[in-house]
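Next up: some structures, all given as structure tokens.
After this come two complexes, each holding chain A, first together with chain B and then together with chain C.
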Partner chain A sequence: MHLILFIIFAGLCLAGALNLLLQKHPINSALSLVVVMTSLAVLYLLLGAEFLAAAQIIVYAGAIMVLFTFVIMLLNAGREERTLGSRAAIAVGFPAVAVILAVIATVLVKAQGLGAASLSDGVTSTEDLSRVLFHELLLPFEVTSVLILIAILGAVALARKGHGEQEAGK
Partner chain B sequence: MSIWWFVLWSLLKVLVVTVVLLMGVAYTVLLERKVVGRIQNRWGPSRVGPFGLLQPLVDGAKSFLKEDIIPTGVYKPLYLLAPILSLACALILISVVPFGNPDIALGGFHLFQISDVNIGLLVVLGVTSVGVYGIALAGWSSNNKYSLLGSLRSSAQLISYELALGLSLVGVVLRAGSLNLRVIVESQATHGLLSWNIFGGFQFIAFFVYLTAAYAETNRAPFDLPEAESELTAGYHTEYSSMKFAMFFMAEYANMINVGCVATLLFLGGWTSPFGDIFGLQQYPILAAILPLFWFVSKVFFFLFLYIWVRGTLPRFRYDQLMNFGWRWLLPVAILNIVGTSLWLALKQ
Partner chain C sequence: MNMQAVPLNWYLLLSAALFSLGIVGFLIRRNLITIFMSIELMLNGVNLSFVTFAHQWHMVKGQIFVFFVMVVAAAEAAVGLAIIIAVYRARATLAVDRIDLMKL
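And now, the complex of A and B:
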């Protein structure tokens, strides 16, 4: 049962990712990304990480991607222009992809016990997770949140700066 | 218990609950028209059937039979997807709600809850946050300025009030120590009315914040700016007709019922009786099965009535008032409630 569900949602995830790259309209790409995130959440659920799955849906699919679609709708972004890409991109890109695929292939060939992945090292339930976050990893956790706060303040400051100059211009 | 029996039973439960929910939606519409009618000193629908009781069925048939117009300018895939998404998100929520005493089982199958999920409350929040897409996409794909304005307003409103909504529930979770809806209800079941979160748990501030944020989340008066008809004709569903419009309509009322269910579970003790068990009715097996259902439905009914009452009484907010209220009042109050509740729990230990 788990294997069937895994195959379905992994397939959906990959299809969404491909669709994200191939779609010409930005809003379709954004919605494909929502599909990818939701199927990732289901994969987390299959691994037994309930809280992670819920957070994935609430934060990524529900909040961040809504903001993305919001911006696309506000800017009313049109269809994307197709280009064939620069010569340098082709010259570097194809070898790079080949190298990455080769690395993944060697790892897959050498790996033992594939398919036995699990997150059950004692940090699966919400309570365990919060204990780890607020006891052992308290300092890094708080520092990260301050970092995000600084990013937000920076964005506001940059936006306000342009606004102020406009006011002064008047 | 083989897996096929389990699947069959679950399908049956899903079918029954969905049909009951949809009937509930239809009759909530009638209730609203009747009650708002009485508030405005008129009768409301009274012609079809006795007391107008067949009105919802006739309305449903009308929606089915109407011509389905798809305007030429719309972006068709998303235009078709939006109502489906809206209704689906509204109907999924009921699957985690325990609407009777979930301990009661028939041959190993729990009758009064479709699925007992450990993270029930997070599922509720997650599905609500995904429901925004239905409205946002409907407005954008309609290619109409009123629709787009309505859906932009609505997305901004939903994102802003989701924060206050989520934070107002933290106090309840702190008290219960679990995200499982069933455990949350059981934590309020000891002394009847006195141990409900809204009274005994001192979560009445959280209750007020939740209810206000939930009214904004469901786009209901006094926060119905996304479809403010005096400004935006009909908001995000201006270009929808026939059954597609009916799907948005059903989603709105299903969401009202969902909010009633969640508020009942989190603040009013879910399926438990307000009197505890002082009458000793729990010893009769049939009563012990049916009474919880009765209490749950009456509490949800109370919330639906409150929704309609508020709609008939309060005028609509202005958009800047709405944003100010959400960010400058509800959010800080919700955070203060968290701090207060955690302090109280820490001191009590």
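And now, the complex of A and C:
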């Protein structure tokens, strides 16, 4: 059962990621990214991370992707024109990506001592997670809330219509 | 039961593949928003390997790291999309080839 679920959702994940690269319209890319994130949530559940699966769907597939979709519709982003891209991307980028993937893949295939995941493994309960989060890691948690506050202020300040931008637009 | 178990290497391979697809998307796409989505894809690939290793060593902290990555990604998305809106206001385009003011 675990194997079947893994194959289905890993396939969906890869198909969504490939579709993200191949689609021309940003809204199609955004929707295939939602597919990737939702199937990743199922994979988290298979690995016993129930809280993260919920957070993945709520935060990523919900909040972040809705934000992306809003911005795409707000800016009325159309089909992108295909250009060749930079020469550096072709000359250095793609070989580098291929090498990185090959190195990681060979290391992982050869790696011994990694266990296996099955459905009978225990689930990390939200209680365990919150016990560590709110006892040992309370300070980083509070710092992230400050980070979120700064991000909200920054987003409002950046997206607001300023005087300088209006003059530059005219 | 053992037949049905999935080796954790497969999860890590999937995470490496997602990360590489994110890099390729970052390199080939010409739309600012799609490039930003490729970055989110890379973050998701890394998150999957965090969860896999948290499962391997039965450590809760790996999952908490993913939680923090999600928080930072949310903040990054908010600020990044605000920057994209500001750039669109100033230049009226989303094509990265036309936004080359800081290019040498």
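General remarks:
The rule is short, and it goes like this: the second predicted complex is superposed on the first by the 147 of 170 C-alpha atoms of A that agree within 3 Å, B and C clash if a C-alpha of one lies under 4 Å from a C-alpha of the other, contacts with A are read in each partner's own complex, and residues count from 1 in each chain.
We take it that a contact is a pair of C-beta atoms (placed from the backbone, for glycine too) under 8 Å apart; a residue touches a chain by one contact, two chains touch by 3 or more.
This one's a predicted model, so the numbers in the text were calculated from it and none came from an experiment.
After overlaying the two complexes on the shared chain, residue contacts for A:Leu158 are found with chain C alone; chain B is out of touch.
In the superposed model, A:Ala63 makes contact with both chain B and chain C. Of the two partner chains placed around the shared chain by superposition, chain B is the only one that A:Thr126 touches, whereas chain C remains out of contact. Touch criterion met: A:Phe51 reaches chain B and chain C at once. Judged by the touch definition given at the top, the superposed model places A:Phe94 against chain C, while chain B stays out of reach. Considering which of chain B and chain C touches more of chain A, the answer is C.
When the two complexes are overlaid on their common chain A, residue A:Met73 makes contact with chain B while staying clear of chain C. Note: residues 1, 51, 55, 63, 67, 74 of chain A belong to the chain B contact set and to the chain C contact set alike, using the contact criterion stated above.
On the chain A side of its complex with chain C, the touching residues are 1-3, 6, 10, 13-14, 17-18, 20-21, 26, 29-30, 33, 36-37, 40, 43-44, 46-49, 51-52, 55-56, 59-60, 63-64, 67-68, 71-72, 74-75, 77, 80-83, 85, 89, 93-94, 97, 100-101, 104-105, 108-109, 111, 114-121, 124, 128-129, 132-133, 137, 140, 144, 147-148, 150-152, 154-159, 161, 165, 168-169.
For chain A in complex with chain B, the residues that touch the partner chain are 1, 27, 31, 34, 38, 50-51, 53-55, 57-58, 61-63, 66-67, 69-70, 73-74, 125-127. Of all the residues in chain C, the ones that touch chain A in their complex are 1-14, 16-18, 20-25, 27-31, 33-34, 36-38, 40-41, 44, 47-48, 51-52, 54-56, 60-61, 63-64, 66-68, 70-79, 81-86, 88-90, 92, 94-95, 97.
Taken together, the chain B residues at the contact with chain A in this complex read 3, 78, 117-119, 122-123, 125-126, 128-130, 132-133, 136-137, 139-140, 148, 151-152, 155-156, 158-159, 162, 166, 177, 179.
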